[in-house]
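Each of the next two complexes has chain A plus one other chain: chain B in the first, chain C in the second.
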Partner chain A sequence: MTDTTDTAPGGVAVTRRRSVRDRNDAEGGARGGDRPTGRRRAGPPRSWRHSPLRRITPWLFLAAPLALLITFTYVPVASMISYSFTDWDGVSPDRENVGFDNYVQIFTRPELFRVFFVSGYYLAASVVQIAVALYFAVILSFNLKFRNFFKGILFFPYLINGVAIGFVFLYFFQDGGTLDSVLSWFGVSNDHPWLGDPTSANISLAGVSVWRFTGLNFVLFLGAIQSIPGELYEAAELDGAGRWKQFRHIIAPGIKPVISLSVILAISGSLSVFEIPYIMTGGATGTQTFVIQTIKLAFQFNKTGLASAAAVVLLLIILLITWIQRRLVPDDKVDLV
Partner chain B sequence: MTPAPAARHPRRRRVPVGPVLTYLSLIAASAVVLLPLAVVLLTSLKTSQEVGDGGALSLPGDWLNFDNYVTAFNDGNMLTAFGNTAFILLFSIAGTVIIGSMTAYAIDRFDFRAKKLVMALFLIATLVPAVTTQVATFQVISGFGLVDTRWAPILLYMGTDIVSVYIFLQFIRGIPTSLDEAARLDGANSFTIYRKIIFPLLKPAIATVVIIKGITTYNDFYIPFLYMHSEDLGTISTALFRFKGPFGAHWEAISAGAILVILPTLVIFLLLQRWIYNGFSQGATK
Partner chain C sequence: MGNKKTTVLSGALLATATLVLSACGGGGGGATGEVAAPPADPKGVSGEIKVLTQRTDLVQKGVMKAYAAEFNKIYPKVKVSFDGITDYEGEVKIRMNAKAYGDVLLIPGAVAKNDYPKFFAPLGTTAELSSKYRFSDKAEVDGKVYGIAQFGTANGFVYNKALWKKAGITAWPTTPQEFLAGLKAIKDKTGATPYYTNFKDGWPLVQWTANNGSVGCDANAGNKLAGPVSPWKEGGELRAIDGLLYDIAKQGLSEKDPTTTNWETSKALLAEGRIATMMLGSWSITQMRGAAVDAGLRADDIGFMPFPVQKGGKFCAAVVSDYQQAVSVHSENKPAARAWVDWFTEKSGFSEKEGVVSAVKSAPMPATLKDFVDNDVTFFDRSEARTAAVNDIDDAAEIGLNKPDYRQKLIDTARGAAKGSVEDFFADLNKRWDEAAKTAGS
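Coming up: the complex of A and B.
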């Protein structure tokens, strides 16, 4: 689909013919002595397409973006890898090379390793999240009254500031807070604090993340379902396919790429949870996540080396998952060029 | 989780399962979404005594009691916070738009030797989650002496937004190159073409990027939390986070602060709904 200068057959001829004037205007005919090439082609010898200026121009446009990309993505990744083999504290000028010691620590010290289990709660939550989002996307893809109203309500949490969400749910889970009051309407009395023990705290926090992120999945699914041509359903109905069959054979294959994307976002998301638990519990009562731990190691305990190793591990896991997903679900629309 | 094969309407697509169940599930979901927010709104209108005595779901005595908002706004340094956020938003959005569109222009409209390599650099960077690299990014920022300035987040938001590059790239492909060529014939150089032809035509893509970037920047907590410690450099996220200490158990003030932060998002959402849905769908799938 790229209709670049080189593939525009009609325009090129025009360009060549007319750029004589163009070039002479621009360069004052200074390099008009390029006759040999001129004989080889019908057009002028050095059009814009072959001028040396053209080779530099893209780099003039790319200089700033590439500088930023390299400074803030590639340099940090490289230095992070190099820190991870040292015992650097982030401040002092000297550091010892400790080999793989940091990595060994991450996988052998139970208190460091435990954070991976916390991710399990968020992973389970994202299964719920995707299922709920899929359900509402399917029902709202039909003509319903107040469709846009419900769509708006379901999506809005995704736009809310994370700190505000944290406070909203701190109050929600508080003793005698929103949740307890609602439960008491239904005659359920609860006397244990929701954020009081690791299991219930992690489930509560994972629930908040379902509340927050379902909307995004929902809108993605809904968009994918609505882009399926309506004739498909009509044809299926003529063939006597019921709703369930329509879902299985039309909707499900149609939104497969989006579901696979959501799964990958869910996995990398549940490994890098930070905001909600940090704001709500600060990582107390067994709710510490990988990122909270890394940040604490680096900025509270000055263990830059160990924190870097942890970050490298997380990066590798995420790269691995992305790679597996690309292998399992070859995305035919991955086109960059 | 999916519509049961119940009612079989031979013609149009209609509500599948019993419509009642469908609406019930929608109403239940709406209640789950709105209840926590509604309670915080109620709490923000109560007096401190009402919060202490009544339950969470009790109603405020005076529905127009905005004292908590005044407290939150003044004592919570919200004005400075909104100012800082606006400053960061302005520069990082402008920067993202310029950087992203320039990159897309260079990649789509030129052929150069290292094009594949440049594309690969941008592609691979999407896989590196920013949360993981902050340990080392901090050292880079501190090497520039930018820790605890507003330029740290601005540079980071500007320099690491690859999604917007993709949005621009997709859009720029749809702009016919004959326009560039015509301008070239009239003697325009590449920069003029970018500025006078491509950039104005990118408006819809720019709108998408501004919306996504605006909302994510407005909501970001992680970067300002790591890089801007000073009291007077709070953004709305970090300023709200600091409510935790001094306001302790004063839920009415915290609630008012949270509502103050949510309100602008709600207004923007109501005004720009369609753009927002499209923007975030594009942003996530690219």
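Coming up: the complex of A and C.
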């Protein structure tokens, strides 16, 4: 606007200035009319913002998602919490209120918590997963040949249905299956069933989980990296910073919030692993996780009340860990400049 | 301003949600007590009925439709539709919280026996039905019967006769030791897998439980579990059953990698002679013979042998009930539904076709059990009078007699994938069972 005033002939400039002032006046008036104005009618104009229909509109837009959210998330969660105080078997029309009995049972039966050791495998795997995803995200954020092709390859596993992945990897790990035949091409003969004992079974399953979820982490990281302005790299290069220094001082601090989000997702994910072990081993051979155990309590032993309590406890544990994590690593606003 | 309002509003919504919640749930319970009597005049009965079944294969292949067409020849005005459900137990259990769970259904294992009158219409008194049908005591509450068994099965080992012969064994083993020696001979002489556990699919492991009763020739073996009886103590039937499975796995006579087994392939492998033996119900014989014919082999090569224990020089085979068919208490066409149950059990020819034991007492043993009949195996119906109490204890103890989990752990213990000795394993099961029996199932 200042540009035009400089170049344009006087008359135009004046009109322009007038119009700017008018607008200011109008806004001032709307704010409360603290400034005296020349050409305005008395009192603020009745804005369309004040009509009742207009005020209700955002809620109308929100109604559909809210209704869905409440019906399919909050109501079920609330009923789960209410079941957790009963001895319901899942079918019977009658149920008795048992107070905190189910919770007492969960905390007095150590074997119910032992399954969390299995989560350790998945937690270790998610460290690998984040590292791998970060590595590829950084590499592919630089100009490379076939970038998009590699992006697609890395993200692809995340798009496949978890059940399908379970079946595919069942054949993969079979005795004499894909993995064994590939290994035999390299002269490695393996006589050990991959899912045969708890340690190798859990490592194999955690490996499948890495394969599946690396793509998600990768996309998150890549998005964050690409939002870092390109001039920063140029400036760094001029100053003689290599790739590693660029990563260390520009990329890593730049995507810190996304990394901390990934860590939270990784922790809560490894505590509540379900699909892959459930499809592939059904929790046999020491691969049972907390969620599988909960499912079995509810649907094999008809202890819906106890299982609901277990689910509530898992929810609380995840909330607690998230809270601690946020305390330790506060979510600062990133400012690279 | 926006923030405060949002909180108020969402608070209100949450409160409403909680209110709605406390109002719903547990929709069962309708007009109880009305007997679903068979219609007097087949031509007169009319209405639409929906039949829930777990045999999705039969629904998809149109076999069930063909049965319905046969049914319509006698009951022309009844319209029958089928609902095949893959995860029968899980899904029907949830459906039963509302009223729409079909007109005819199979009673899910999860329903407590005392709740039968709330969900199902009585089909008659015990006195009326027990003389006609097997296993009527399984669904009896206060002198009334709520379900009629679809069919019964005898359990035993399905085996490849040619393979066993090749290993030099022609007579049925009469003791667990002989049986194990037989499996070993197969392993050494033929190179086939002597026994296939179907560990991954799991449910075939459950079939072992059905031998309870066959070991001691005891029709009351099932009922005897209702109490703190340490079922896995030395000399107990379950100890003999699970002990044999343990020995098979321990001596390396089962498949090398149990964790990736596959039921569908196992049928062909048995027919082709790459697997020698599997523990299953007599219902499986037809399927195995089908697989043999598909593979271009002789159906006669598939044999069936009883559990390797004899009592007084004779083998025993307990005949145990499959799912029980019931009529929903909410059905609007109870006479038509009852007509279907009776017709399906007695006249459909389903049992003969599937090679299973008919629930009708007067019906002869199926052709699949010819070997048993010829060799003078003693058949008896295992009583189910106290099954409900046994199930209660089983659930409370979280063992799962009819679930694969504890046997998977047993096999893992045998092959060294789980820690501990088998004695400790059985002792732990006994302890859990006895403790649970003190609070549940009385």
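What to note about this one:
Here is the rule we use: the second predicted complex is superposed on the first by the 241 of 337 C-alpha atoms of A that agree within 3 Å, B and C clash if a C-alpha of one lies under 4 Å from a C-alpha of the other, contacts with A are read in each partner's own complex, and residues count from 1 in each chain.
Please note the rule applied: a contact is a pair of C-beta atoms (placed from the backbone, for glycine too) under 8 Å apart; a residue touches a chain by one contact, two chains touch by 3 or more.
Note that this is a predicted model, so its numbers are computed, not measured.
In the superposed model, A:Y74 lies in contact with both chain B and chain C. In the superposed model, B is the one of chain B and chain C that contacts more residues of chain A. By the touch criterion defined above, A:Q300 reaches chain C but does not reach chain B. In the superposed pair of complexes, A:L328 makes contact with neither chain B nor chain C. In the superposed model, A:T281 lies in contact with chain C only, and not with chain B. In the superposition on chain A, contact is made by A:G90 with both chain B and chain C.
By the touch criterion stated above, A:P198 is placed in contact with chain C alone, chain B being left untouched. When the two complexes are overlaid on their common chain A, residue A:V168 makes contact with chain B while staying clear of chain C. In the superposition on chain A, A:V188 contacts neither chain B nor chain C. Shared contact residues on chain A (touching chain B in one structure, chain C in the other): 66, 70, 74-75, 79, 90, 171, 174, 177, 299. Interface of chain C with chain A (complex): residues 13-14, 17-18, 20-22, 24-29, 89-90, 93-94, 96-97, 108, 110-112, 115, 118, 199-200, 202, 256-260, 395-396, 398, 400, 403-405, 408-409, 412, 415-418. Those residues of chain A lying in contact with chain B across their complex are 1-6, 8, 10-11, 14-15, 18-19, 22, 25-26, 48, 54-55, 57-62, 64-66, 68-77, 79-80, 83, 90, 131-132, 134-136, 138-140, 142-144, 148, 150-164, 167-169, 171-172, 174, 176-178, 180-182, 211, 216, 219-220, 223, 230, 233, 237, 242-245, 247, 258, 261, 265, 268, 272, 274-275, 279, 291, 294-295, 298-299, 304, 307-308, 311-312, 314-315, 318-319, 322, 336-337. On the side of chain A, the complex with chain C involves touching residues 66, 70, 74-75, 78-79, 82, 89-95, 170-171, 173-175, 177, 193, 195-198, 201, 281-286, 296-297, 299-303. Listed in rising order, the residues of chain B touching chain A in the complex are 1-6, 8, 10-16, 22-23, 25-26, 29-30, 32-37, 39-40, 43, 55-57, 99-100, 102-103, 105-112, 115-116, 118-119, 121-123, 125, 127-129, 131-140, 155-156, 158-160, 162, 165, 169, 173, 176-178, 180-181, 184-185, 187, 190-191, 194, 215, 218-219, 221-222, 226, 236-238, 240-241, 243, 251, 254-255, 257-258, 261-262, 265-266, 269, 273, 276-277, 280-281, 284-285.
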